[in-house]
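Chains: A, B, C and D, in written order; residue numbering restarts at 1 for each.
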Amino acid sequence: MKNQTKEISGELDDLGFSSKYISKTQRLVNRDGSFNVDRKGLSFSDSFNLYHWLISIHWFKFIVFVTVSFLFVNFVFATLYYINGIENLGIPENVKNINAYWEAFFFSTQTLTTVGYGRISPVSTAANVIAAIESLLGLLVFAIATGLLYGRFSKPFAKIIYSKYALIAPFRDMTGFMFRTANRHKSQIIEAEVQVVFSRLEDVNGAELRKFYNIKLEYSKINFFSSVWTVNHPINEYSPLYGMTEEDMHHSEGEFLILLKGFDDTFAQTVHSRFSYRHDEIIWGAKFRNIHITDNDGKVSVALDKISDYDKTDIYINN
Amino acid sequence: MKNQTKEISGELDDLGFSSKYISKTQRLVNRDGSFNVDRKGLSFSDSFNLYHWLISIHWFKFIVFVTVSFLFVNFVFATLYYINGIENLGIPENVKNINAYWEAFFFSTQTLTTVGYGRISPVSTAANVIAAIESLLGLLVFAIATGLLYGRFSKPFAKIIYSKYALIAPFRDMTGFMFRTANRHKSQIIEAEVQVVFSRLEDVNGAELRKFYNIKLEYSKINFFSSVWTVNHPINEYSPLYGMTEEDMHHSEGEFLILLKGFDDTFAQTVHSRFSYRHDEIIWGAKFRNIHITDNDGKVSVALDKISDYDKTDIYINN
Amino acid sequence: MKNQTKEISGELDDLGFSSKYISKTQRLVNRDGSFNVDRKGLSFSDSFNLYHWLISIHWFKFIVFVTVSFLFVNFVFATLYYINGIENLGIPENVKNINAYWEAFFFSTQTLTTVGYGRISPVSTAANVIAAIESLLGLLVFAIATGLLYGRFSKPFAKIIYSKYALIAPFRDMTGFMFRTANRHKSQIIEAEVQVVFSRLEDVNGAELRKFYNIKLEYSKINFFSSVWTVNHPINEYSPLYGMTEEDMHHSEGEFLILLKGFDDTFAQTVHSRFSYRHDEIIWGAKFRNIHITDNDGKVSVALDKISDYDKTDIYINN
Amino acid sequence: MKNQTKEISGELDDLGFSSKYISKTQRLVNRDGSFNVDRKGLSFSDSFNLYHWLISIHWFKFIVFVTVSFLFVNFVFATLYYINGIENLGIPENVKNINAYWEAFFFSTQTLTTVGYGRISPVSTAANVIAAIESLLGLLVFAIATGLLYGRFSKPFAKIIYSKYALIAPFRDMTGFMFRTANRHKSQIIEAEVQVVFSRLEDVNGAELRKFYNIKLEYSKINFFSSVWTVNHPINEYSPLYGMTEEDMHHSEGEFLILLKGFDDTFAQTVHSRFSYRHDEIIWGAKFRNIHITDNDGKVSVALDKISDYDKTDIYINN
């Protein structure tokens, strides 16, 4: 019997946030989809992963990192060539106006990038050995740099947008929790799935504990996510929202965590998106405005800039 | 009870096309599998993704884009070398018949592609700095260009073909909706799955609304998709097609949306295909002709050019 | 009731091989896992995919293809340089012993691979233009070549081996169909799943039709596929094998199609393997010999070369 | 009835370890997640895969392998150039202080890496042919080397940590088996799933056989694996642990095999982790200490270095 009930009403789930959070926390999931939890007690090398960092940082930082690394490696090799003797680079007579160290530096850049003009080129064994090492290193380092660059460029991600507010609105002959989501990309997402977890503080034997519920959606999966999807949770007697008032929601610091995934046809990969609605981002008694327009030729279009538009309406709270 | 029925007869599903479409629309899914819905109200940068665009455009456009970019970057650097002074490129005496600007331009191409013949090569500090930047940029830009090129070349896609028409035909001791599909590639698709959604206009409280039904197939999954697969939907009393006549189908602007996926052994990835049959692409009272041939050695072959062949037959509409 | 039975006894499935095969066919799935069905009626361009071909052909063919393409492109460009005038390549005095056309050819190879020694280098506008095009082309073509090379090298595949014969053997207090499979790689396969389809000719209204059954396994999934897995199908009253004798099996041209998949930890991808046992590759009345050895330290090892070893035993056919 | 029970209490599963292990074995899964089973009877080429090896070996070994290969190929080509005649490399007058063989060697490195300074460059047909082959080979070999390098660098893996001990602790109004796990990376894992298999020796008709059970978890899946997850198995009457004492556990050589997987947002791929708790790594009668801290701003953090901390407590064994 207990199983049956759980399946219908939404499973309690500790989500990895632990149910031992004390009350009055900040939001659990930031609006950009990242988790609002700090990890402590780990050494830098325990938690740091260079690839993770390089694939995730902002483009500007990435370009600075590449440039600085390029300069650094060239300064190291330029210094080696310089110490080894600039005369071993066979600089011809017509190149007179450049400082000897910079000659070595530019020779290094020509070797690392494998341009190898050859006007400057190693003429001693030692210089040749350094140059051979540098060109091998150059090929391998640029393998990683270019892999990262393309990896960043082609990284699959969903440009999913959500309505600014979630609504508590009349739904069929009862009340529902609903929000709207859309794919901003021109790509086509198929087999889209959404999961919603509701979290609130509850009084358990006198202590305020944070509890989590998987809430049941009218449709949690659609085969074709072509434009806008209105996700609905009917607030029936199995719902943890059943009987809650707006004040209850604020008082228990309710938050809805959204997880959306689907197969993106262009990236040929599954993409994920996360979002969250906090208790103060919910409108009680409102319905979304229709944003589908059909023109005279029967062509349908959808106004994505109006995805958050709603009209106030009456609701009643189930008791 | 309602749940039980829904599971058997096909779930109602809003599909992201919204059920609020007014009547007389164009087809929902184009025959190439793209969705026939426009997205409006987004700025260019909101909906545009460079990678998406570059991986999806036609090969001809892609080659033009690469060529134009290559020319553009070289003109920029050629201009820089030219402004900096053509004498700093150390052009030897035997190259006399080329215009100075073009010398700079060709030097730029040799640097960007890292060919670096060296007959022309930087002899001043400024020219060396520009050349070093260009060769670094060249490596990084070609990283993206070559990644894209290979990404386009190796992009997994299914070359799935469908019969031109879907048929309403006798099926076991009742009537069925059926179409044929085949894998045109030599690759082998395993664990193929097909999902069919039926959509039509319905009268709901006087308004014509578009409704969607997942319809139940005899087999929705086959382990080995070796050649031709005839997909069947038995029109029993749980089917939304039950009792519909050909006129009903046209009048309600029925459309069948097809989603097929499977694991392609050569690409080592899951491939997807979409298709749709509109009410005027359905033949009432017809059976597909057998296209399997077994030769004298017992070797089976299948004539894929005859995939749409059918013979007229009698059907009766269930009431 | 019908549904219940089907779930227990194995679903009938048309598998894409069509149930309309006439009798006395060759085997359905070759021992290397490819399907034994020809596709006809398609033009070459309909069924051919260059990437598919290049990623699948034998290494020897691939190397020949790359070499021939390399020679071909260089001959084309060598001819262009030659027609344009060999004097425009600025060949220095000390290179006298090479034929002019071959000079152009070697210059072309140096440009295409971006080695660009520079002893030969373009000194006219036209030669420079051709060289710029060739170096750009070289970068792009090698992008595809190297991508393919690495794609072939890193292509995930399972080195799954199967016992040479499947056995009909005593199993618990009844009879079972069983075969053994093992992972030959040092990699670790997790979440391995196996599906077995049984096919035979059946008399349907006087015509011999080929039928397919998904047969039910004792365990169709194991979390850790560490060494050897003995896959069992208990022949109970729901099994299509129930009551069949060895003669029935031969007469109905029975064949077992095997599909195995799992997540390979090293490739970080799902790998697939296919196999088939034909009626004449089944031993009636035999049990597999134990091939696990535990040494004195309690270390377990498995003798994979003995995977097909069996001992004859008595069985009785259920009626 | 039997099926019903199995579904609730955990399925018996042979895991590919075979149930025919004799008693007193070493642990089944090493703490690094690898399987403790040897494969024998295979030839080297049967079980060896070069890609597998190159992607899995330690970074130090990989760098040594690349360096040695680079030297080897260059020595081969240097010897060819040397045999062909060092005078065909057109070494200019100003390079006098290098041994002729080493000249050939350095020319080879410049060709293989496509640096191609050009001070040394082929001036005979034979030398040109060798150089053309070497530059083509260089491009192809570096394609694999750089692919491998980036493949190793970007290989998705989970940095999952586990509590040092698993605990048998009071859970709700009964007893539970529990352990703690956390994601050490800054990345975010979503849709994490854990599967636990319990294995022990059992007396079957007088022989001690190793048996495997999938044990049922309170929650086997969490949508957001943000920080720490305490995995619980309630020891109710359906559990194979029901009624077992600490002595039983030691005597039957119990071991818990853990399989965790989830989607890593940064790698955009599913990552896997394996672990195992042996009978002597289980604390009977202990509870995990809370490691969540909420600061004054309501910001939650978690002390991952304290993941194994526990307090002793009383338990009772169900009978």
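Basically, a residue touches a chain if its C-beta (ideal position, glycine included) is under 8 Å from a C-beta of that chain, and two chains touch if they have at least 3 such contacts.
Model, not experiment: these values are computed from the prediction.
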Identity of the chain that, by mean CA position, is farthest from subunit A: C
Residue-number overlap at the subunit B/subunit C interface, same or different (half cut): different
Over-half contact-pair match to A-D, picked out of the listed pairs A-C, C-D or B-D: C-D
Chain pair with more C-beta contacts, A-B versus A-C: A-B
Geometric centre distance via CA averages, subunit B-subunit A, whole Å: 25
Rounded Å distance between subunit A and subunit C, as computed from the means of their C-alpha atoms: 35
In subunit B, residues with contacts to at least two other chains: 110, 114-118, 142, 147
Subunit B-facing residues of subunit A, complex: 66-67, 70, 74, 94-95, 97-99, 102, 106, 109-110, 113-119, 142, 145-147, 149-150, 153-154, 159, 182, 184-188, 190-192, 219, 222-230, 263, 265-268, 290, 292-294, 297-306
In the complex, subunit C residues that touch subunit A: 114, 116-118
Subunit B to subunit A touching residues, read off their complex: 11, 13-18, 20-22, 24-26, 28-29, 33-42, 46-52, 55-56, 90, 110-111, 114-118, 121-125, 128, 131-132, 135-136, 138-140, 142-144, 147-148, 151, 155-156, 195, 197, 214, 257, 259, 269-270, 272, 274
